Amino acid sequence: MHLDHGDSYPHRHTHSAEPVRADGTRRALRVGLGGPVGSGKTATVAALCRALRAELSMAVVTNDIYTREDAEFLLREAVLPPERIAAVETGACPHTAIRDDISANLEAVEELEENVGPLDLILVESGGDNLTATFSRGLVDAQIFVIDVAGGDDIPRKGGPGVTTADLLIVNKTDLAPHVGSDLDRMARDAAEQRGDLPVAFQSLRGPEGVAPVADWVRARIAAWAVR
Amino acid sequence: MTSAPPVAPEAPAAPAARAAAGLRATARIAAAADGRGGTALPLLAGEGPLALRRTRGEGAEAGVMLVGAMSAPLGGDHLSVEADAGPGARLGLRSAAATLALPGRDGAPARYDVRLTLAEEAAVRWLPEPLVSVQGSDLRVRTRVELAPTARLLLREEQVLGRTGESPGLLRSRLTVLRGGRPLLDQELACGPGAPGGWDGPAGLAGHRALGQLLVVDPQFAEAPPEPAVLGEFAAVTPLAGPAVLVTALAPDALRLRELLDAACSTYGW
Amino acid sequence: MSLAALLVLADGRFPAGGHAHSGGAEAACKAGRIHDAATLAEFCRGRLHTSGLVAAGLAAAAAHGLDPAELDTAADARTPPPALRLAARRLGRQLLRAARATWPAAELDALAAAFPRGAHQPVVLGVTARAAGLGPLDAAHVAAYESVSGPATATVRLLGLDPFEASAVLAGLAPELDAVSGRAASAALLARHEGLEALPASSSPLLDIAAQAHAEWPVRLFAS
């Protein structure tokens, strides 16, 4: 109990890092997905929705460069009902909306919980941005950074906050590695050097495993969240 | 069935003195349901340049024409129109010609006040001809409407900045509409030389010389509010935070403006 | 009042959602009405003397402690486009979130409880100013400044306008910003005794029309 502001602040749930909602119920786990343009964030979100929607109550917030483009992709793919997908305008600065001023995204996740809740999981997808874009800890509980082999196999070596600090690094489109001359072993070594013990998932959504390893990682986070 | 005669003689206009400070004149109208499905006009009193004439109304509506306001207001003048529609009364108010805001001798601003009061179930249409802001003039218009919650209003305002090829005068026009005592619409337009900066710029009129609004207040909108809409690049339909819709339009000239507002009137008005 | 608190509240990096709103600049840039520093300055000037003055008056009145519910109704009446009322309420809710974390106060909590869908941003701004120990003139200054800083920042992003030129535009407006803030604060003082009709109601038909049109764009960068 917060004895210091018991009755005087009855609605004091302003920083949404708090795990409990204003009505006392536990809020959904929020997982952010960031990464450069074209690395496969939206495709990964769509695959996660398909993999997890039967077992989890889910919703998605998109932060597009242009409003609704990614949201509309998800709607077209029908991975979730439309009321479970919200789009946030970012004023041409997607990283600002997920890091420096998270207020619009917090509004969006709370509105989703109010409108379609209770929810187990909300995926917050960043607009395609650069290697320095990371999510605020006030917005998400865990973050995934998505890069792809076609973007160059030196990206893990270059580091940057996304590659080095994300809770999960996805190296996407591994099926393309032979075609674009990317060395997966080198990427794995560089990533391990940058990230220490933090996990890395090599993913090909076209391969037999698809999004399964990442979905398993999300399940583990959900389990940990439930007992936190 | 209407109690109004087809054409009534012109209401007697009391003489009004133009004092050194300018002329003061008030036209007063009271409309009351006559109990036979029509509307009577127990008060119809013009004054000075504001003469009133009873006209053929439509259906249960009593019609009143404001005539002879052409030569006013001059700078320093203070003209008022006050109309009061009693419970269930239906009143249609028009003007015979455009009103010209003209410069005064000493540069003093002119004032033009319109006060409309609508009781329960009353319906008023205030559809005057355009107000033309003539070069060198300085006019303050104050339109204040008070509606009972069940009353209906159709109000049109058109402002034309300058006669053809002429620069405008200074025009300040405030429109306040209260419904059940609560503000429903409150806005002020200021344009012309001497208005606050940017009035004709990219966040102002952007070179347009005619602007207008059509406001429809109708309790039926509470159940079926009109949808917001855009009518071309320079006109929009905006439902208010109450059972009312405001159509705002900018146009190159008065004719084009009237076309836009007439179309809006046939959609939302009566 | 604390000058430092004023700087915190007026800082463009204060996390209250403003960065995603262009104040009508996105629509004006697309229409070609803003295309350089000079047209940006004229746009900002027009906005300052209309919606900026109205916001400043509402903020000053709220900072005086006038009833936020009545002020919110007055704000509705001064905001015909539904798109702008929605944007103002969203921004109000976002500001309230930031304000409650920054300057915890019972008045802010009461405002959140009374307006779960958000109150108009200038009203929240005025109550926030109170919580931060600022006065009505300070609140008016912040509101007036926000009415022009948003379009200026957005134009830098939309047109690639030289940011130094954009800053110079804002600095050039300083005397008018001060005058508008002063007018708004005087009106708010009058409103304490004469009612809220004493607050400014200046409007720009073009800003209203363009805002409603902008809200219907299928693709846009800014929320308003």
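Each chain carries a letter (A, B and C) given by its place in the written order, and its residues are counted from 1.
Simple rule for what comes next: a residue touches a chain if its C-beta (ideal position, glycine included) is under 8 Å from a C-beta of that chain, and two chains touch if they have at least 3 such contacts.
Values in this document were obtained by computation on a predicted structure and should not be read as measured data.
S.K.: Based on the touch definition given at the start, go ahead and assign the chain network to line, ring, star, complete or other.
M.R.: Drawn as a graph, the chains make an open path, so a line.
S.K.: Which two chains have the most C-beta pairs in contact?
M.R.: Looking across every pairing, the one with the most contacts is B-C.
S.K.: Measuring from CA centroids, which chain ends up nearest the centre of the complete protein set?
M.R.: C
S.K.: Quick one: report the Å distance separating chain B from chain C, using the average Cα coordinate of each chain.
M.R.: 30
S.K.: With chain centres taken as the means of their Cα atoms, state the distance from chain A to chain B in Å.
M.R.: Chain A and chain B have C-alpha centres separated by 56 Å.
S.K.: Would you pick out the residues of chain C that each touch at least 2 other chains?
M.R.: Residues: none.
S.K.: Report the residues of chain C in contact with chain A in the complex, numbered from low to high.
M.R.: 13, 15-22, 90, 93-95, 97-98, 100-101, 104, 106, 109, 112-113, 154, 157-158, 218-223
S.K.: Considering the complex alone, what residue numbers of chain B touch chain C?
M.R.: So the residues of chain B touching chain C come out as 174, 176-177, 182-190, 196-199, 201-206, 208, 211, 213, 228, 230, 233-242, 246, 248-250.
S.K.: Going by the contact rule set out above, which residues of chain A touch chain C in the complex?
M.R.: For chain A paired with chain C, touching residues are 5, 8-12, 14-15, 65-69, 88-93, 96-97, 100-104, 106-107.
S.K.: If we count contacts the way the header does, which residues on chain C are in touch with chain B in the complex?
M.R.: 24, 28, 31, 33-34, 39, 42-50, 53, 73-74, 76-83, 85, 176, 196-197, 200-209, 212-213, 215-216
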